[in-house]
Structure formats: C-alpha cells, structure tokens
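A, B and C label the chains in the order they appear, each numbered from 1.
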Amino acid sequence: MKKTSPPKTAPQGIWSGTISFSLVAIPVRLVRALAPGLIAFRLLHDKDYSPLERKMFCPEDEAIVPPEEITKGYEIAPGRHIMISDEELESVSPERSRTIEISEFIDLNEVAPIYYERPYYLVPLKGGEKAYRLLALALQKTNKAGIAKFVLDERGYLALIKNRDGALELNTLHYSDEIIPGKDRKKAGFTEKEKDRLKKIIKEMTADFAPEKYSDRRRQAFLDLIKKKIGKKAAVEAPEIEDEEAEEGMADLMAALQESMRKMRKADEQKKHKHQ
Amino acid sequence: MAQTLWIGNIHFKTTNVPVKLLTAVSQNRIQLHLFHKTDGIKLRQQMICAYEKTPVSSDQQLKGFRVGERSYIPISPEELAQTEPKPSRTIAVHEFVKTDAIDPVFMGQTYRLEPAAPGKVYGLLAAALKETGRQGLCTWTMRKRAHLGALRSDGKSLNLIVLRFADEIIRAKSLGLESFSISEKELNIAGELIGKLTVPFQPEKYTDEHQKKLRALIGKKARGEKIRLSKPKHLTATVPSKLLEVLEESLQKAAA
Amino acid sequence: MNKKNISINDRELSLSNPEKILYPAYGFTKVRILEYYSRVARFILPHLKDRALTLKRYPQGVDQEYFFEKRCPAHRPNWVKTAALPYGKDKKIAYCLANNLETLIWLENLASIELHVPLARAASYRTPDAVVFDLDPGDGADILDCARVALILKELLARQHLLSWVKTSGRKGLHVFVPLNSKGTSFENTKSFSRAVAETMQNKYPDLVTARMDKKYRRNKVFINWSQNDASKTMVCAYSLRAEEKPYVSCPLKWPELEKLLKLKKPDKFQVLAAEAVKRVGKDGDLFREVLTKKQRLPNV
C-alpha cells in the first residue's frame, strides 16, 4: 500500500524527565502548545508539485544528513568551531537536564505579561497520572503557579507551571535582565476633561474578549481570497511518495528473518550431522 | 539597546497616536549550530523535494494551498502578493477588554511604544487606559503580515503585545489526559503545601546560571581540556499509592 | 501501512502497526524491535526454550502504561506452545513457551518488549537450572559498585569450584549466573546457598554489600537479591530488550571485559544498545551458552 509522506502523529515530545514539588515527583514529557495557524501554504517543487520538506543538509557531501550523524557545535571564530555532544550538554547543569524542581509558588496575578515567552504542555508518563492530576487541581484551586528552572538542549530556562483545564502548562519566561526597561516619562499636558472624554469612549467600546472572533475572521478572509483568486484554477497532483522509512523497516525485518532462519536451519543440520 | 522596528499610528474613533515600536526584550544567548559528525561541516537547513530527495533552490519553489491528500492549488508569486494584507501604518483598535481578560497563553512578543510625535495624545491615552483598567484589541500590518495585538498601559507608557490567534493554540483536551479522582484530603494537603511554599514574584532573583556554565564548557573545549561528564539527576517517581504519605511528609518538611 | 502479513517456517503472522514508535526518545519502531529479535533469535531462543514466559507488554511504548502477562493470550495461533503451571495457590494457567522464531515474532508483535523467564524449565518447574545472584544497586550506588561485587563474588564462587557468568540487567544492575543443570537441585538448595553467600559477603564487605531487602539498608550499597532463587520468580532473559528510554539489552559480558569497564569508571559504557548486541553475538556468539549446559554441583551447605 503506497501513500504520501505521512503526517506526524501525536507529538513525541521535546523533553522528558521528572517534575517535582517538595517530595512529590511526577514523570512527564514536554509537548508543544502552539501549532501553526490553519492558513498556511505548503512549499512545492515547481517541476512536479511534490511537497518540500525541511531537512539538514551537508553542503560538502551534498546529501541529507540522518539524525545520528548530527551533532551540535559552537563557532568560536568564523570557520572555526568545536563540536559538543549531547552528553556534554547534559553535563553542564545535570541537576536540571532531566528534572524540573519547583522550589516555590507565586500568584499568577503578579506576573506581568512581558515575562511570558512560550507555552508548552507537560504530559504525564506511566505511573505519574495521579500525582499530575493532583498538582493541576491544586494549582487551579489555589490560583498559583510553580516556578522552576530547567535545561532543554543548550538553553537554561526559567519556567512557570500552571493549570490549564486540568493539564499542566509550562511557560518559559524571560529573565529580568533580558527585559529592556521602559523610559521614564514626564507628565503629559492634558486636561481632566480630555481624559474623562477619552475614558468614556473606551468604556463605550468595551466588550468581552472573544479570541475566536479574530481567528475565524482571519481564516474566512484568507479562504475568500483564495477562492476569489484561484477558484477557477485546477488543482495539481503531487506524485505518490512511498513511505520510505516504513518500507525500509519491513525490508530489514524480512532480511533479518531470512538470515536467522537460514542460520538456524544450518545449525540444526550440523547438529543432526554430528549425531549421525 | 532598544531598536525602533516600525512606526505606526494608533487609531480609533477620533483618537490618533503616532508611535514607534521598539523591542522590549534583548536576548544575548549562546547560539549553537548543527554540524555533521563525520566531517565537521556546518549543516544547512534545505528544502528537499519529498519525491526526488534532492535539494530545491528557492527559484524552483512554488507555494500551494492543500485541498486534498495529494492535491494542491498552486499560487503564483503575484497572486500571493494579492493575498497579502495592504500595507498600512494604522494600528486599528477595534474594541477594549478588561486588563485581566486575556489569558497569557495568547501573549507573544511585547513591543514598547514610544511617541513618534510631540504632543499630549500619547500620555492622554496611557492615563485613560490605566484608569479604566482596560487594554485595546487591535490589528495592524507589519512586514506583510497581519497581526492581532493588545495595547496596554502602565499609566504613563504604552506597550503592544502581539497576540496569538485562537486556532494556533492547542487545547488541553487534545492531550487525551485521563481524569483521575483525587481525594479531598490529598487536595487539601497539596493546597496547604503550595501555600507554605508561596513567595512574592521577584523576577530579579532568577539568573541564567546555565549560560555561564555553558560558556565555561565551551572555553574548556576550546583549550583542549578534558570534559568530565556528569550524569543528569534523576528523581524516582512517587508511587501513586504512597502519594498521600509523601504529601504529608512534604508538609511536615515545609512547616519545619 | 498498518498490517503486514509474513510467513515464518510456513506459519502465517499478521504484523499490526509495524511503524508504531515504541521508544519515543530514540525513534525505535515496532518493526525495529522485531528486527532486533529476529537477528538475535538463534542466541535468545535456547534461553527461552521450555520456560514459562512472563510477558511485559508496552503496547503504547516504553513510557506509557505496561502490563505483566503470565497467562498466554487466548487469541494465540494454534501453533504457539504452552505449559500448564501453578498460578497462586490453587490455580493452573497456560504460560507461553517461546520455542521457535515464529512464536518469538508473534510475541514481539504484541509489544512484549521484555521477556522474563523462571530459573527452571516448565516440565521440571521445581528444579532450577542455575543459581542467580541479582545485583541491584541502591540509591547512591551504581553499576560500577555492582561490578566490584560481581568480581568478588566470582572469586568466592571459584574457591568453591563454581564457574559463573555475568550479564547486565539492561537497567541499573548485573546478574551473575552459576549453572548447575543437575536433576536433584531444588529451589531450597539454591536459595539457601545464595543466601549464605550473600550474607557472607555482607559481613565481609558491609559498606559495599547488603543481603537485606529493606530499602533502608540498601543506601549506597549493592543488594544481592538471593530471594530471586524461587519457583515463582523470573529474571529478564539474556538478550531481552529493556523498556528503558533507549533499547538497552540484558547482555552477557566477558569477565575480563567487566574488569576493564570497571577500571574505566564509566557506568554508561556497561550498557549495550540493541544494534551493538547484534554485533556482539555476530562476533562472539552466545557468551551465555554454557549457562545452559555446564553441569556443576553446589557444595553441601
């Protein structure tokens, strides 16, 4: 059965380890909380309309490089770099490479929006489901969030862990020394009357926050535009692509089975021969 | 050092406030690149044709809108240009919501706004927003992309936070988490424990020690020194049947 | 592609979800696990033969829920051999016997990543074929400490004219096997022998060894779990995969190799990944072969 490149199924996770608060430890995996919007275009090869994939490429060998042959490195001078293995990276802050230890909790209201960087979800691993749920519920009940530091790849993150609908959401935060302070400002010369007038307008224009309104609007505008511009155009067919990895896997298995059966048969024959 | 990225004009009803957008966050992080283990060559990200498995240069690339499993409607660069929002310098405020109405999960980059012209309108808007406890929901087009944002004030200065669209956020429901029953007692102890470990939020306390240590590692490697590997710390997962016990122990420890 | 029909020794098998990723951090799919077991089949089958299997199944992958299965699944093909053995006090259940390649592959299709076997064969389930010293490092101790203990143990056993073989557990510890392969052996014999040895070592090396199961005695020490010498207990089979983050194998090591690894002081180097295990058996064959054949007698305890 042939098919095109399969879409990635459920996120496999970017990081896995244990999250803890006091003596309670919960095995978890970090997964994304953001997905690209629904209005994306796909890049295609103009020759055959085959979809393009982003891969790591070695310009010298002129070939795609498989993940086992990739390592991280740092450029200490143009053209001069040193390679750093994953084990070395994990050794930099070993107490934070596989553990997120919540040492304190804070009130969510005290965190100014400017500190938020990127959201993720934590997903419990086997055996941790109950403790995970407890932490989520307790955070929900108290309206607090946990603060911890952890390391992912080469970066040390400051993280805030809160409840979202029964799940644990992890937000990476900016360090305060990364925030450029605002300028000091003199008082502007406006009158009370002017201010009151503006306040009235603001109140009149107040509504509830309905985020779907904007994303629906955006998607609809996009679809309308697409239909208008290309509604009459015919769609093109991309060529069938064998799921190479899957084919390879089965081929390797068949080869392994054939070899094993052959060798075992040979060994049996030799044994029979010995006894004769 | 804050840089001016863009200049625009906040507009709603009869209010017009010319502003400059500046970066509010400056990150100076060690950047690692990917290399080929076998020959030490720096790797590049390339668009590879899924069918031919060869790299495809940008002049051979085409954008397409997916309409079926293998069906696409190709879009020419001219047509693409027509789907782009018209360039404009207006930051259009459509409505206002309460200051705490937007969940931080929607909040992306923060830009600081500086007045782009002399006058009192900037300060007026900042004061009015703060005193009404509101933030403005606005849209604007920057670098050919349409953005949604929240206009906020601290009383004297204005900030603009880029908001993520609702369909970009993965719902917790999609994680497929099982609902576990937690006893009242466990929940109460956990709540008490959290209370005991709660402190005021003081972001200045937290520094990036990891960055310093990474720099030290890089320095050592550059000098050819041997790196002593340390195994990452592992914690033993709390056994579910012992959860209550461990919570009580934790509470005792926190009370001490 | 969700199913694939294959034929092994004229028996038909339907492989389900071969592309399912069972080791998510490593990207190992089910088909890769099947490939591994296929490649080591002729080395692992003799150690599985006629032994009532306990399956440790991970249908959703190594980091998700797993379950132990002793009763051979009812939906098995008719060519899968079983043995009826006691289960608990009054029951008897049918255990799977992985006596051939097709059964092994059928089992692995069920994501039975770890295969655990008793020390006795099904037909003579009260007669252990070997004594096992299960070396388990407590909190604060590691495989290097287990290696130290294993080497001392080897000497101690040698003085009693007993040869021993060692393998990694594939997780944190080591297993030392003393083959007996003698009809008259009972679990009472092997248990009291192993207990005596464990307690002797505990007395002689109190800072390194403990023979007591209680967690509070095991800190920073290697626990010699002599109670594993029991008809109801199982050990992970030689060459079985472990459901760790990476596909590590419970792999036999040569004694000189163990000494060298200990001198290197690198615990990670003890662990053998699936691909490496395949290379090893290709080169050295089954290092545990004699555990199945060597006849030895326990000294009168």
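Everything that follows uses one rule, which is that a contact is a pair of C-beta atoms (placed from the backbone, for glycine too) under 8 Å apart; a residue touches a chain by one contact, two chains touch by 3 or more.
This one's a predicted model, so the numbers in the text were calculated from it and none came from an experiment.
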If I average the C-alpha coordinates per chain and also across every protein chain shown, which chain's average lies closest to the global one?
A
Between A-B and A-C, which chain pair is linked by more C-beta pairs in contact?
A-B
Considering only mean CA positions as chain centres, point out the chain farthest from chain B.
C
Chain B to chain C: how many Å between their CA centres?
47
Rounded to the nearest whole Å, what is the centre-to-centre distance of chain A and chain B, using the mean of the C-alpha atoms as each centre?
12
Can you compute the centre-to-centre distance for chain A and chain C, using the mean CA position of each chain? Integer Å is fine.
37
Enumerate the residues of chain B that touch no fewer than two other chains.
231, 236
Residues of chain A whose C-beta touches two or more other chains:
3, 27, 87
What are the residues of chain C that contact at least two other chains?
268
Residues of chain C touching chain A in the complex
1, 4, 6, 8-9, 18-19, 21, 24-25, 27, 29, 31-32, 34-35, 38-39, 41-42, 45, 63-66, 101, 105, 245, 268
Interface residues, chain A side, partner chain C - complex:
1, 3, 12-13, 16, 27, 29, 67, 87, 125-126, 243, 245-246, 249-250, 252-254, 256-257, 259-261, 263-264, 267
